[in-house]
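Structures are listed in the sections that come next.
Note that subunit A is present in both complexes that follow, paired respectively with subunit B and with subunit C.
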Partner chain A sequence: MALQPSGVFFENYSHDKALIKTKYQWLSLAIFGIFLLLVPFLFGPRIIAVANIMIIMAVVAVGLQITTGYAGQINLGQAAFMGVGAYTAGLVATQFSLPFWISIPLGGVAAAAFGYIFGLSAVRIKGFYLALTTIAAQFIFHFAILNLPTSWFGGSNGLTLEPASLFGFEFKTDSSFYYLALIICTVMVIGAFGIVRSRYGRAFVAVRDDDVASSMMGINVVATKASAFLVGAFFAGIGGGLWAYYVRFVSVDQFTLFNSVWFVAMIIVGGSGSIVGALIGVFLIRLINELVTSIGPVVSEAFPFIGGDIVFAAMNIILGGVICLFVIYEPKGLMYRWNIMKTSYRIWPFPH
Partner chain B sequence: MLLKVNNVEVIYNDVILVLKGVNMTMEEGSCIALLGANGAGKTTTLAAISGIIKSEDGKVTSGSIEFDGQRVDNQSVESNVARGLIHVMEGRKVLQHMTVEKNLIVGGHVLKSGAEVKQRIENVYTLIPRLAELRKRTAGYLSGGEQQMLVIGRALMANPRLILIDEPSLGLAPLMVEEVFKILKELRKSGISLFIVEQNTQAALEVADYGYVMENGRIVMDGEADQLMKNEDVREFYLGLNMEGERKSYRDVKHYKRRKRWLG
Partner chain C sequence: MIGEFLDYAINGALIGLLYALVAMGFVVIYRASKVFNFAQGELVVVGGFIVWWLTLGMGLPWYFAIPLAFLLAAIVGYVIERLFFSKLVGESVFSMVMVTIGLLILIRGIVLVVFGAQVRPFPTIFPLKPIIIGDVLIPQSLLYGGILAVIIALALSWFFNQTRTGLKMTASAEDHQVALSMGISVRMSIAAAWVMGSVISTIGAIIFLSGKSLTFLASEIGFIALPVALLAGLESIGGLILAGIIMGVVQGLAEGYLDPIVGGSVGSILPFFIMVFILFVRPTGLFGWKTIERV
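Take a look at the complex of A and B:
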């Protein structure tokens, strides 16, 4: 799958290693970037709100991609890690009135510490058992928040935040927050590319493919697995911090096991083992989600005899069905199919 | 003395005794072959030396293994790799989703600088030119022989002093086996010590200068490689040759009198 377009040759290592290899790739990236910058001008407030959620989810899903897609450690507690980030950011922002550019990274650090503890369990267990342990993270998070004194995390009332502000400018509106989130997300995605292309990223993939063999190459498997959780949870924490500032209200119900499963669904649909895949997965799943929730009322209005309840239930079934279809027919994700299409285009007119 | 295995006993899961007092020694720059039937404990011996025995719930319960004067039994695999003790496992464990070159880069995980990694990759390519041709190919799609070359090349990346190779000829066509053993001979010339575990006794004894034969968790026979080749027991049981040096026919098997005396 490493086929380059015809006529592209590399004359030195740095060109060979470059992420973006051709002029057209630069061009399409630039067009995509400009499009992202113009989103608040092109679309209405509803779309911008959806875009904001997508960007926040993207940060979290990219983190999960590193833990699960690259390092192969199944993680069903990503929403809990996100919640830890959101609560930490919310707490330091309300109690100590720290600015967002300190509280969001603090949220990331707290989530990373929380994730690291669960990552240590990955040292001894794999697969299903590990998945169960990460579900425990979800419940520990839930119990801890609800049962700790209300003065700490607000208990079941949650936390309410002031909007993020920088030099007196408040990111109050959806479109202003969009740019803040976009910048942070871009930084995180670039960081993710950096991580997966570094020696640590290669160690992640080596451990995913064969942990015994990778220990034979001098990779410390224990540390690698735990740090995969650390990195993934850090991304989740940053996403959680963003979420706290966007919604300006943090409560445990926003970070349930259900959300964690959605994150896993996103990287499955996008394609595991690919950062771009995670982004595509987020976009697609959120898009389907939004379509379903906006079509629902229309359908129940147009056909009142069906009844609203049935329509809404059916919508959830459709959403679940989409995931099932993906797992059955495209288990390697869209990025895999895309790479095959790219290759077959490049070797055209030959079939293989 | 590069490697000294002293009366080693290995127990799996606290109940299964596999090695019952194994002794062997090895000089720097030499090559030894460990031979024996299935289940004799050859792979366990290798795993005990390299340390991966831990991941299989095994433990060295008595005796000692010294590498270059330091105790390495029950040490972590990573620390042994850092000492230059590399294990090439049986079954060609390539990282299948990575390209050949990426596999080599990961093999150099213990190296400190990128320049060193590049230089060692060039080294590997000159030693095994086939890998240079395949450098952009995905490792999982290579043929068995090519994968075997890749794992040997990957072991070379970590600056090894002793490479433990488990069954390099497993499942390979005779021509490929020749190719792989040619590479092993090259390695010997470059001064790396080799410890080969093989079923293909003939090929292994041709490369090695000393051989050990294992049976039921014990060393039952050892000697210079050419002496072992001439030994009648070895010829009978491991080379499949009878006294006249001809391959046995089924009729001969029926009249076959020789038995493994060491089994008592």
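Take a look at the complex of A and C:
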């Protein structure tokens, strides 16, 4: 981790602190950035739609990474937090016809408030008790939306939104929305890197590693845990707001416990405690998801005895299997394995 | 008026006892292995499908099918322990929780592949005719289920608090490493816990589903039983009976009196509000061990 490629020496502190330390890292980031910008030109509409969903989920998963991966607080309510963001954004957009650049941040703030309330339970409890509270958040969200007056959140009918628009330009098509989502996602990811490298991020890691020791060092453990939920839920709310403007239809079925588990699976696969890991996890899990969705019908047509439910069933088996296998055999995720490979390459031929 | 009240309360209490029975599966697994099993509802579904397959699929008479179903459920529990939890002895809470959640989804997928998503009729094991006392209608399956729940709770409570094996299992729930160094086989304990949890879930499935229909969605009872387990405190088996009755009566009365006013589903969400309240106020529940770390 601390190992730099051969020949890299730091002459001042700002260079030492920088995230990107070599020319080649800049180059590969630039190539990746250009690739992302060119996606709508390179691929067909289906891939662009998938990319949009990946970008939205990336925002949410990065938030979960901060709560769970960095601060170590199990969170099974991320989809509910996302839903709060989506509904808030949808509500202020339809009722008060606010533009998206106000309603999406408002969604984030509302989700952050909702998450903070449940994060406060970390005052008294930890471990799976906390997981229970976040599951309760999931159920309460569901109940609240379905039972509050229909004129507020649309009840079981859901909310329908107008497309986001800026100076008269409407982000109606998938490729125009892609750029909007990409910009917001980039801002959020850069923000996440900033947060985890700041004083607060280090406090999160300290609390995750040992809360007694970190309280001895003067960290306010309760405030840190609650703010981890606050930050994570804010990201979820922004993702939810984006989702509302992308799908332009918000309903409770989009934010179930099952979706929360998907997010957790993403950060387990990618690697907990790494922003890049969260992004990789989103990419891989969504990729598997899309592959199953597109291959499933072909398979069930070729072998009729399997039946049409095979897509949903196979998705369950793959998701559950992936979570179990990773937790048992690779609990630190792919990023950790990648870092080991990178280090061993750099110090080759020495084994350690 | 009073008859209506009694009807809601008694039926609520009996449903609460059913929740207590399902929650017993949680508590047994937790009490013996320190694994909080989110996949409990799926074990109920697996138990239900095994019973369905043996009775309606294979055509066995129920007095033969049910013991066989228990045996198969025990094997399922043992296989789960072998495949997943024997590798996780001494691991962090996070790993355990995540594996049970992975298991929840995995089992649901396997059930869908093996049995499909169709609605199946479940055999009528208890007579359908309700018992009528005054104005109160009591379904027989719930009545026998309640009695069974109390008996099983007393037996398990005795087993865990009085017998040597039970105490050994309790020790491995306290701390895997300490238990190992005392010469207790944590693996055996976890295996026994999963076998017992799986069998209890099958009993729960029989009572819950008798005479109704069965789909993979029946697993929701696993989440409904969570508040009961928490109210009792996760270590207390006897306390489950009281917690189940309290939760069931509260839910029954809310369904009877509040739902018509508010327009539905208060009864089904109230337990979760109570659960959040307990988590904030008294995370050990009514009878749990007071060892929760509050850092």
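Convention: the second predicted complex is superposed on the first by the 339 of 352 C-alpha atoms of A that agree within 3 Å, B and C clash if a C-alpha of one lies under 4 Å from a C-alpha of the other, contacts with A are read in each partner's own complex, and residues count from 1 in each chain.
Simple rule for what comes next: a contact is a pair of C-beta atoms (placed from the backbone, for glycine too) under 8 Å apart; a residue touches a chain by one contact, two chains touch by 3 or more.
Predicted model, so just to flag it, every value in this text is computed and none were measured.
**Q** Of the two partner chains, subunit B (first) and subunit C (second), which one does A:Gly273 touch, if any: first, second, both, or neither?
**A** Once the two structures are laid over each other on A, A:Gly273 reaches subunit B alone.
**Q** Compare subunit B and subunit C by how many residues of subunit A each one touches, and report the one with more.
**A** C
**Q** Considering only touches as defined above, state whether A:Val264 meets subunit B (first), subunit C (second), both or neither.
**A** A:Val264 contacts subunit C only, not subunit B.
**Q** Would you check which partner chain A:Ser215 touches, where first means subunit B only, second means subunit C only, and both and neither mean what they say?
**A** In the superposed model, A:Ser215 contacts both subunit B and subunit C.
**Q** Of the two partner chains, subunit B (first) and subunit C (second), which one does A:Arg199 touch, if any: first, second, both, or neither?
**A** It touches subunit B, and subunit C stays clear.
**Q** So which positions on subunit A get touched by both subunit B and subunit C?
**A** Subunit A residues touching both partners: 211-212, 215.
**Q** If we count contacts the way the header does, which residues on subunit A are in touch with subunit B in the complex?
**A** 1-2, 13, 199, 202-203, 205-206, 209-220, 273
**Q** Residues of subunit A touching subunit C in their complex?
**A** For this pair, the touching residues of subunit A are 72, 74, 76, 121, 123-129, 131-133, 135-136, 139-140, 143, 146-147, 211-212, 215, 221, 258, 261, 264-265, 268, 306-307, 309-310, 312-324, 327-328, 331.
**Q** Show me the residue ranges of subunit C that touch subunit A in the complex, using the header's touch definition.
**A** 36, 38, 84, 87-88, 91, 93-99, 101-110, 112-113, 116-117, 223, 226, 230, 262-266, 268-269, 272-273, 275-276, 279-280, 283, 292-295
**Q** Subunit A touches which residues of subunit B in the complex?
**A** Against subunit A, subunit B makes touches at 50, 52, 55, 76-78, 81-82, 86-89, 93, 95-99, 102, 105-107, 109-110, 118, 136-138, 154, 157-158.
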